[in-house]
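Going in written order, the chains are labelled A, B and C, and every chain counts its residues from 1.
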């Protein structure tokens, strides 16, 4: 099978450039329209959040009661104003910064910590594995939302506490994926070959193991970003996350909730922002998963 | 297989104990004196002393944990700071309401999700399949608390068809259904997305197996193929259904907060607002226990359906 | 062969625990390798042959200490491998290398083949530039010109090419002993021959010593100077390749030769080829492990396992048929005696489970004599 697929390549071997795994992935990603659209949208969202200080027409925290709940399309306030008369566009731009930080950081933390713990448990095995994995199992006793609320509820409101509680939600998940990927790769012959060459554990892990387990872990982590964003905003929505008067999409949704009887469209905007961002991340991670040919 | 069942049962015990440790730790995670976390601020010195003794706050942490665990085992989850009522009573009533909501939303999501997923698989690549995939992506991406608010805006504020808040005060089935309709819809979105996706891919896996392709090529009646697909995809689908039902219980917190549905989520929301740690602990412990037992049941059920799993 | 052995293996044993039940207690052991002893002399090729599951691959990994044995010793050039410190072990690894069976799983998909080969050198402190240079040179020697192939990834190569990379990787450290674990089994016949010829050339060029493991008797016979036959974790016969081909002694060896398709009409044996799968190594038969499939099994075979004993010059066999008192009834003389016989016994052997009783009956049905009597 492999013999036949490689034969045509032999003929033009001299001119061919090597096709690395990541090159293939990039090639596939660039040919998937849904991924491209999602990627572009996400780029726009991230960029506008980054550039909020320059893009926002108003101070996000300054408002006047006279201008409360101006409708979308109002003069000088394109997206209207909130219940305190603050400019919605400015708050949405600034709020994106908060929501993205609160949603992305825990997954990033989980990716790093979870990979380290999972690879350790998977490669060392034995008692270490049992200890690490059984501890992670405990966190699986809670649905994600509940665990986040339990920890945030105990720690109290605030962005740092949100980051802590969400990291605790996502680390065990990444550990599981990292461990099973590690156990699988560890049994392959090229790891045995590296050991036979006299390489120590650090060299094997660095050059042979990580390169082959990071892909699946990355894909898994990317699937968790949208959930993390929804949860981060959800915690703020419950009053457990970012504290007022800061602009954050979940918190904005919460404070605008009472105003739906006055103005239906403006209160829907922060949630729409969460939705679009979360969907863009989901589409992107779907594309990544397909491009990397990883079954989840 | 029985060895597997026994092992699985034994494994649930450390998980439950671990969960209880996390719940126990909540009191100590809370900033400040743990006594402040479980007592109203205006308590008298005598009350504080009594509580200290009851909780064993003067003893080392492992002892405190055992004391607490002993009380929990007897059904004593402490007293609410806000209402001074026994937490276990509040949790019991709330849990009943939450179960109803979890059940109704699960049923809706299961029925729609399985139907949509199967249809998509049998019409792979066609418009219907694409529509189902879109539903799936939207379902898993939408913040359900926001979906709840949108539903209220549309059906309560604009159309004025359904009530926006709370459970029915009037007796009777119709008012009850009218009140539960919107929370059910909002809560069904995520599992609908997940289930559609899983059912589609599980059914496609079976459909793409060589023997099924052979059966279809031989002109086997599509109904027979359908039965076959459902039978073979069942174990995987069953797992997802069980897990999703569990998530519904925990995930309802935010939706209940939106609709003021008097379930565990609403209770949690109140407790967060009032920083009522004993209630917080009680609700989370009960829900976690429920979730672990449900996972256990799903695993065991799955071994019954597909004994190969036990050998893994 | 008079020289001191390069590799001495004594009483090597490895049992893998099988766990099950509520508490995951060990309830059985897989006796992968059970008391194996042999020597390998400089510049020879020792072939190890046996059916899949007989413990060959475990043996290969034990020799290189990729897994730790339960008992026994391995000495390389007089040095104790099992007791070697981490530092000594790292140095020893330069001298003993392994070529793996599976050309797909044995190369890291994220490394170019040049880097895969150079990795071993980097581990031992060679500079990056020199490691790359040597890797490229060696790739060229095994037939993969580095200019064309060096920067390729494994998935861009054929199975045969990958196996060449494997060989280059094993050789880049200039080892003295190469253990080859089914190096050609996963390849097409034509590619297999190329790889075997390459191995033969390399051996001559670099004064290598081979331990060549395979289930394929034809391959083993072709490459080996001496052969060791394994059955369920034990050695049942050893001898020179010629001695074994001309006069296999152990009923299992005879069966292997009979079932190996051979074009040589002189090589037709009247022994029935093996039928059925080998018994489970988890719970091997008592006494001689082959007795359940052996046409000559006697009551005593079930009691104590027979020891290896000499039946010729450098030819040992573990079978009661060759004990002095039993030698009269031994099938030795009839190896070539049956004129023609029915070489296609496999067709007549319809029963798949191959219990001893059935084996006997089917033999009788073909009118062959009882144990050569």
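By definition in this document, contacts are C-beta pairs under 8 Å (C-beta built on N, C-alpha and C of every residue); 3 or more make two chains touch, one makes a residue touch a chain.
Keep in mind that this is a model prediction, so the values were computed, not measured.
**Student:** Busiest chain-chain interface by contact pairs, anyone?
**Tutor:** By number of C-beta pairs in contact, the leading chain pair is A-B.
**Student:** Can you identify the chain nearest the overall CA centroid, using each chain's own CA centroid?
**Tutor:** When every chain is reduced to its C-alpha mean, the one closest to the whole-protein mean is A.
**Student:** Please work out the Cα centroid separation of chain B and chain C, and write it as a whole number of Å.
**Tutor:** 56
**Student:** Between chain A and chain C, what distance separates the C-alpha centroids? Give it in angstrom.
**Tutor:** Centre separation, chain A to chain C: 51 Å.
**Student:** Which integer distance in Å separates the CA centroid of chain A from that of chain B?
**Tutor:** Those two chain centres are 23 Å apart.
**Student:** Which of the residues in chain A end up touching chain C in this complex?
**Tutor:** These residues of chain A touch chain C: 2-3, 5-7, 9, 13-14, 17-21, 188-190, 192-200, 203, 207-208, 211-212.
**Student:** Please give the residue numbers of chain A that touch chain B in the complex, ascending.
**Tutor:** For chain A paired with chain B, touching residues are 134-135, 137-146, 149-151, 153-156, 226, 230, 233-234, 237-240, 250, 253, 257, 260-261, 264, 267-268, 270-272, 274-275, 278-279, 281-283, 286.
**Student:** Of all residues in chain C, which touch chain A in the complex?
**Tutor:** 61, 64, 66, 89-91, 93-94, 96-98, 100-112, 116, 119-120, 123-124, 147-149, 151-153, 155-162, 166, 169-170, 173, 188, 191
**Student:** Going by the contact rule set out above, which residues of chain B touch chain A in the complex?
**Tutor:** That would be residues 11, 14-16, 18-19, 21-23, 25-27, 29-31, 137-138, 140-143, 145-147, 149-150, 152-153, 157-158, 246-247, 249-251, 253-254, 257-258, 268-269, 271-273, 275, 277, 280, 284, 287-288, 291-292, 295 of chain B.
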